[in-house]
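Okay, handing you the structure first.
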């Protein structure tokens, strides 16, 4: 079966520094896959390569079998590769309603539409309300995003990515910075993502990784260190060494 | 903000209404335009300056489209204004004196230039954009200066004869036809601009302005959108320039000068960026102020304009604009303001 | 229907305005003086404003039973502003005369208005020949560039100069000067090479280098007043004066307003022009003294005399028409002659342009200050361009 | 030909002294100060007034033309500019344009709108023949003075404690503060020196560039070209850009009088689009 997302020998060098070192990685369809690694392992660079923010030095990226290595970021999104950001990247002056509406209209191709008043398309509005309910944002739809509690903003971050109707969703530390009280809501929505979306979770928080993921890849010094099921990784002493060493350093 | 059951949230109908409401005309807006129309009849002796205000207002609206909505700073917007003015003038001289045709040609010419130069402002930070736009305007000014066989060079383009508007209304010395013409053009283009900024396209521009990284991440083709709005804005500026050329029946190199670009920026900033009416309000304030100050002290009005600018920035332009938008939001209904908290809406069945 | 309403409104407005004008016309005659008071040409505005005010102070503000009211407006040297101000002055303030016009484009932009509104326009500074042809209501009290440049060409060819390079600012008056000089000088058997400098130009040195390379007998220059000083310094700095290149120019370069500040570099420059503050006549002495006294020691230049004579023309014209304006006033102005501080002048009845003496002058030190000292006079010079046309 | 080159170099050197302060404020403090030309104008007027009204010799006025604008810059930096470091470039542009307008009108009011002229001492006038090339004495003087300034600036920035502190403060103000460096004092000093240099440039340039109230507007564009083309990461970038601009401008007017300005602006756009960091900047 064609994997949802695949990289072949992906490499990125910044001057003399190799940030991503010959990574060949497969994300199966419908997967719940986590990518872990100590700080500075190159997780962010890897995500930026996948989403097209930076071009790779060499190697290829395939989305459902199609080569997207040279595609610009927005086209990758249109092909079904969406992401969330480790640090919220939202539109502070807009409401969640507008933010989600934006993503939905863009996907439906009406983003070019400059004559129709935003919101006059019922189909879009229906969808926005649906997404808002799924991500528990329905009661704050008309608030200014910058006024939302952090947990809600985090939810919105995921909801926007979801609104792009991705085949592959990259979650970059979705729970980072969320206070304990709001955490539960967030984890529940992440767990409830539909199974036809393949999810790659980049995470630091081991509890979250172990509760969510079915497979785990470990990235160390830019290269794939190992990969396996949750149990295999949990039992792998080398991973513990890498990780614990790092944790002590922190 | 506790977790509430879904029941308390908005229904699809309400959401749609809430979204559309932003695009609806408020009472204040209607009054604003009625007042503008009334000046046609009640202020006959001010039509000349009102005509200039309408033109500068349109020019400022065009800048607001790129600065206020798409976040593109420009120190050379006069390039499009000037090209529009020259094209309209030369067209009237060489082809036909029909104002509307000439205006359309001016808009198209400016749009072409805008499209061509938009690729220069896609990349780079604010400073690069400021310099590039400035450079484009300088080059345009230099070309107009050198091509004196076409433009009249430093002497200005003389001998523009305009035909009657719609074949009926001659341009009169009181500037009444001119003002009515400019005002109607301004109104029509304003309605279009208003439509644009409230459309999904307009929303995507705001998203690019606020966070282009995220805008890309929801699949918005950022560059194409910027090119589109830059071209539209250039067309608007070109039409404003065309109006100036047609109603004054004269074009000089001054239409491309640096101070034109600086003035329009000033106008927009005085009125407030990012809600369209800022350009119009700013144009009124700027021109009236200039008129009063320069009749008080012809030599030194610049000083006061400078002072106002400095104070405005020090006092926190953004904050003032926010207030202006808020007030405008009140006055003009919900259309103008930045998104605000909606009234509490609990207990819906 | 719409059209009729519209026309009705317009004519109603016109009627009210017109009536308003008639009422006020009985007591006051408003003169709209539009000048560049700020911007690069502000000194022109200052000189003319000061001169016009001086004239009114000396001659009272009542003529033919009318009170003269001067309204000064700043057009910043921008043509569409000039036009708008003129239009406002005519429509709102109901001025009987518009005057001023520091630069050619400013005058040309306003010309159609003067025709349309039948308001006399007195040009006090702008010097391109064609201006008076742009409207039958334009009368000029300054002068034209060919008027100054052609005598220079004649003087040069009579004084052993064979090869000249011309250097002019690239705009209407500059091109006028270049054409007039080159035409007259080649006709007299001389050899000319033309150079044009952009109007906005901070540095003359490359152009002067070209001049040096061409090795002419003389360099003929026209630059707008104000830029002259800078030019002069670079001319000397480049050693062109010592290289045997004579500097000849129209009087704009050795403008009285700034001449003294140029220092010794200006010494010996030969110019032709219609006015020098050192002109030796009782009228001029009185004028210069009064002007200096009223303006903190500022020396009047040819702009000031244009403004002064312009006011004189308006006053005398009104006396003749007994206070009537419009076409009657223009007709009254035609053919008028008087002795101005610059010497005897006449308004040409055919062209409404000025006929005046042009003097050949040399920059010399007089009582410690630099002046253009006149040493030859060419009498009653008409604008040569229009004179050539009518022949 | 060589004379053209020589004139271009002198012109370029002058531009550098005028613009290097802007390079510092823009590059190091990230502040778009369009009012930079106003400080240059202040210097020019100090020299003109001192010479014409009080008969102070030209050379003596030069230090004052440095100190005056420097003090002015210091005061303005402490009171006004400091509040705008964190603002957007647009705000900075608007603020500094406002300052320019005020300066232009104020000078117009106090000094009049006419060109200010200064009398150079006799030993700086005229020109001499050096190896067959006609060389203007005053331009040689400018090249000399500016050359010394360039070297001094370069040494200060690279060799002194102040220079290293400045660079540290710019790289990361927070870290620099943590290291006990008084960042705001460093910024203020730098701003003052930059303004002072502009003033000196204005004084030196009064003879060649002319001096009237519109000076800051007329030359603003040239300064900006120098800085944006030269890049703002070093002193050498703007220096090379100034020389290039000076030579190109003079040569352009000599050889292609119709297209000189055109070429310069077009070049600027091309450089900015292709290398937004500046032509001579090393990628950061």
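Note that the chains are named A, B, C and D in the order they appear, and that numbering of residues resets to 1 at the start of each chain.
Criterion: a residue touches a chain if its C-beta (ideal position, glycine included) is under 8 Å from a C-beta of that chain, and two chains touch if they have at least 3 such contacts.
Computed from a predicted model, the values in this text were never measured in an experiment.
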Any chain touching chain A and chain B at once appears in the list none
Centre-most chain by CA centroid is B
Farthest CA centroid from chain C: chain A
Of all chain pairs, the one with the highest number of C-beta contacts is A-B
Between the Cα centroids of chain B and chain C the separation in whole angstrom comes to 39
Chain-centre distance (mean CA atoms) for chain C and chain D, in whole Å, is 37
Between chain A and chain D, the Cα-mean centres are separated in Å by 49
Among all residues of chain C, those touching at least two other chains are 38, 42, 198
Residues in chain A with touches to at least two other chains are numbered none
Multi-chain contacts in chain D, i.e. residues touching at least two other chains, fall at 105, 108, 261
Which chains touch? The pairs are A-B, B-C, B-D, C-D
The answer for chain B against chain D in the complex is residues 67, 73, 75, 120, 123-128, 130-132, 134-136, 138-139, 142-143, 146, 258-259, 262, 265-266, 269, 299-303, 305-310, 312-314, 317-318
Seen from chain D, its contact residues with chain C in the complex are 3-4, 7, 11, 52, 105, 108, 112-117, 119, 125-127, 134, 136, 138-139, 207-210, 212-214, 218-219, 249-254, 257, 261
Listed in rising order, chain D residues that touch chain B in their complex are 26, 32, 80, 83-84, 87-91, 93-95, 97-106, 108-109, 217, 221, 224, 228, 258-259, 261-262, 265-266, 268-269, 272-273, 276
Note: in the complex, chain C contacts chain D through residues 38-40, 42-43, 46, 195-198, 200-203, 205-207, 209-210, 212, 226-227, 229-230, 233-234, 236-239, 242, 257-258, 261-263
Touching chain A in the complex, chain B uses residues 1, 3-4, 6, 8-12, 15-16, 18-20, 22-23, 195-196, 198-204, 206-207, 210-211, 213-214, 216-222, 225, 228, 338-342, 345
